[in-house]
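For reference, the structure I am asking about is given below.
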Amino acid sequence: MIHITRRERFNAAHRLFKPEYSDEKNLQVFGKCSNPNWHGHNYELFVTVSGEIDPETGFLINLKGLSKLIRERIIEKIDHKNINLEVEFMKGRMASTENLAIAIWEQLEKPILALGSKLHCIKVYESENNYVEYFG
Amino acid sequence: MIHITRRERFNAAHRLFKPEYSDEKNLQVFGKCSNPNWHGHNYELFVTVSGEIDPETGFLINLKGLSKLIRERIIEKIDHKNINLEVEFMKGRMASTENLAIAIWEQLEKPILALGSKLHCIKVYESENNYVEYFG
Amino acid sequence: MIHITRRERFNAAHRLFKPEYSDEKNLQVFGKCSNPNWHGHNYELFVTVSGEIDPETGFLINLKGLSKLIRERIIEKIDHKNINLEVEFMKGRMASTENLAIAIWEQLEKPILALGSKLHCIKVYESENNYVEYFG
Amino acid sequence: MIHITRRERFNAAHRLFKPEYSDEKNLQVFGKCSNPNWHGHNYELFVTVSGEIDPETGFLINLKGLSKLIRERIIEKIDHKNINLEVEFMKGRMASTENLAIAIWEQLEKPILALGSKLHCIKVYESENNYVEYFG
Amino acid sequence: MIHITRRERFNAAHRLFKPEYSDEKNLQVFGKCSNPNWHGHNYELFVTVSGEIDPETGFLINLKGLSKLIRERIIEKIDHKNINLEVEFMKGRMASTENLAIAIWEQLEKPILALGSKLHCIKVYESENNYVEYFG
Amino acid sequence: MIHITRRERFNAAHRLFKPEYSDEKNLQVFGKCSNPNWHGHNYELFVTVSGEIDPETGFLINLKGLSKLIRERIIEKIDHKNINLEVEFMKGRMASTENLAIAIWEQLEKPILALGSKLHCIKVYESENNYVEYFG
């Protein structure tokens, strides 16, 4: 079993809140993350794929192709954006790191299969102290 | 000559734009940073002070006191906030990292003097690839 | 399957030795780590939990609650302490990183269950070159 | 289940190309990595072993012994070397990070068993954005 | 006084040796770095400029412009290359990190002046344990 | 002006306290760092030297020689030791990071001069959030 991982980065604004909650309840549940004027992060995204090594090239996957895919499907849509307002694949979901990891998985699973590999893990760092890993 | 540095961190949303510019000009000058719906960063703040070592304690400055000061004057006012809309000490300034470093200097210079040390440098990381240092 | 990880840090002194060994044998087995006058580390602790995402909040676990728990159960009891002499949950165990990871697991497993999640992994860095992962 | 990991580092030159390909095809498949005059990396190697904890020492494995083993079997043979031309255990293989991880596994699996533990994972970082994990 | 720093990265092969030295003398002076078959590094380059803040934009320098400049003048010429054989601006110089920092300074000093700023420091990391800073 | 920096690391136990203070006063001034049973850190030491580049070798200083010097004069005397009890060059001084940086400067200044370079800065990291720089 062999995995290869590519790191990409993006910066975005977001907010955690529920419109049906009162301001007090939002503050109680989501703390400072519920700030109505947004806050933001430098996110780090680690995409891990598994597969067979091509005996011809020695590659599990061509990392240039994987990087291009991640940029087209994820980074260009979320970098320097507002996750709540502008990111199509996060529409209708709480902008938590957990949901972000799941949504990124959904965006990448099939295109990675089309490249001949299997998506194994999406890891998203929200800060140096917190990260989420989703395995599908 | 001796310096001691304390690192603190904050997350915030911001936007670079000029209201008097057209959208095209804002995009041309500020690129993706002009996004009207904001984006954000995990900022790292390094506060460096100089001074004399207290022969009794071996300290240039009590780092607990310095950390408390930075948190009260800076972190509590900017963490999980929108720099353009909510941060008093950034009012009327472009929310660039350069201006952020200068404004933080202005907030900390006198209180650090009151603790018996001299502010030497404010260093602000906006991303792993960019940082600003201001020396007053 | 989804995991979320919280990092916390602590500094502590420790020593690796067996009272029934001679000084020579302690030195031979434990090297410099057997120094009778102690040495110490900046430990990094990564606590990974698994579970279901609450559709209401988008959270697997409230990280503020998890952080508070780790601080109360672990950090307050070990930070700036001597692991051999002062840490209740390490009593009677060799102060190795392996045993530290296991003891931290035992302290956190039930309280994390009480928060509605499942402890998945305790990872302890002793230095930038060494870490232990315990999965229960 | 418990794992312990040791990090070691090496610097090496390499090149990705197939002698039977034309220069154009090499460039197309391997990009800049096919440069005939070589390029190089600071590689990071993480060796993870699993096993039982010796109740006497509290150790899964003596890290000094593990480090010595990795240095003798891997680092001394690859550090400051040309992976394509000089590294015995990479002879006849494409010098990809994937193949490097597999070859290092083959070099270490038995000697680690002889130390009483089981090799669990070889992780090789080629750059801060790319790494491979091999699990045998 | 205010500085802004941009980090860029490149990978390259190199060798330290003097053709007029015997192999023994090369080995004695340059150690493993004299390996005739090359070795290589992931270099990190930090370019620090100083200047005045444009009151209109809040920028000392447009980092996009600075990054583009560094890529055109340095990265495209050295990334995935052999420093001894292929890098025009290193011709005739020992491929030490010191000389690399000086040569990069010479390449960037005037173009940065043309952008309206002043080059303050070139910092080059060769490994996590070694770096050079050149101030002109 | 050109500087080169070498990083070395050491782990040590220490305690901040004054025997003439009461326990209460020690706790008030030094906080958790006054723990009578010690605590410890992974220290990082950065030694920066300045000088002229040898046109023959391209070196400001031979880093192997500098590393050997730092290990002999500092690391072997402080690594895995108790700074208060066992480190000759810290005798009679408070074991603060400030005093540690000054004492290391005193140990290295002349031997580095004997190698033909000039010590420029001693930087000591006590944790990821705190460091001291001493310039003589």
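Structural remarks
Each chain carries a letter (A, B, C, D, E and F) given by its place in the written order, and its residues are counted from 1.
Everything that follows uses one rule, which is that contacts are C-beta pairs under 8 Å (C-beta built on N, C-alpha and C of every residue); 3 or more make two chains touch, one makes a residue touch a chain.
Since this is a predicted model, take the numbers as computed values, not measurements.
Note on connectivity: the fewest steps through touching chains from chain B to chain F is 1. Among the remaining chains, none touches chain D as well as chain E. Here C-F and A-C are compared, and the pair linked by more C-beta contacts is C-F. One inter-chain figure worth recording: chain E and chain F are separated by 29 Å, centre to centre, where each centre is the mean of the chain's CA atoms. Shown for chain E are the residues in touch with two or more other chains, namely 128. Going by the touch rule set out above, the chain pairs that meet are A-B, A-C, A-D, B-E, B-F, C-D, C-F, D-E, E-F.
Interface residues of chain A, counted against chain D in their complex, comprise 1-8, 48, 53, 56-60, 62-64. Residues 9, 11-14, 32-33, 35, 37-42, 79-82, 85-86, 127-128 of chain C are the ones that touch chain F when the two sit in their complex.
Residues 16, 18, 29-31, 93-99, 101-102, 128-136 of chain B are the ones that touch chain E when the two sit in their complex.
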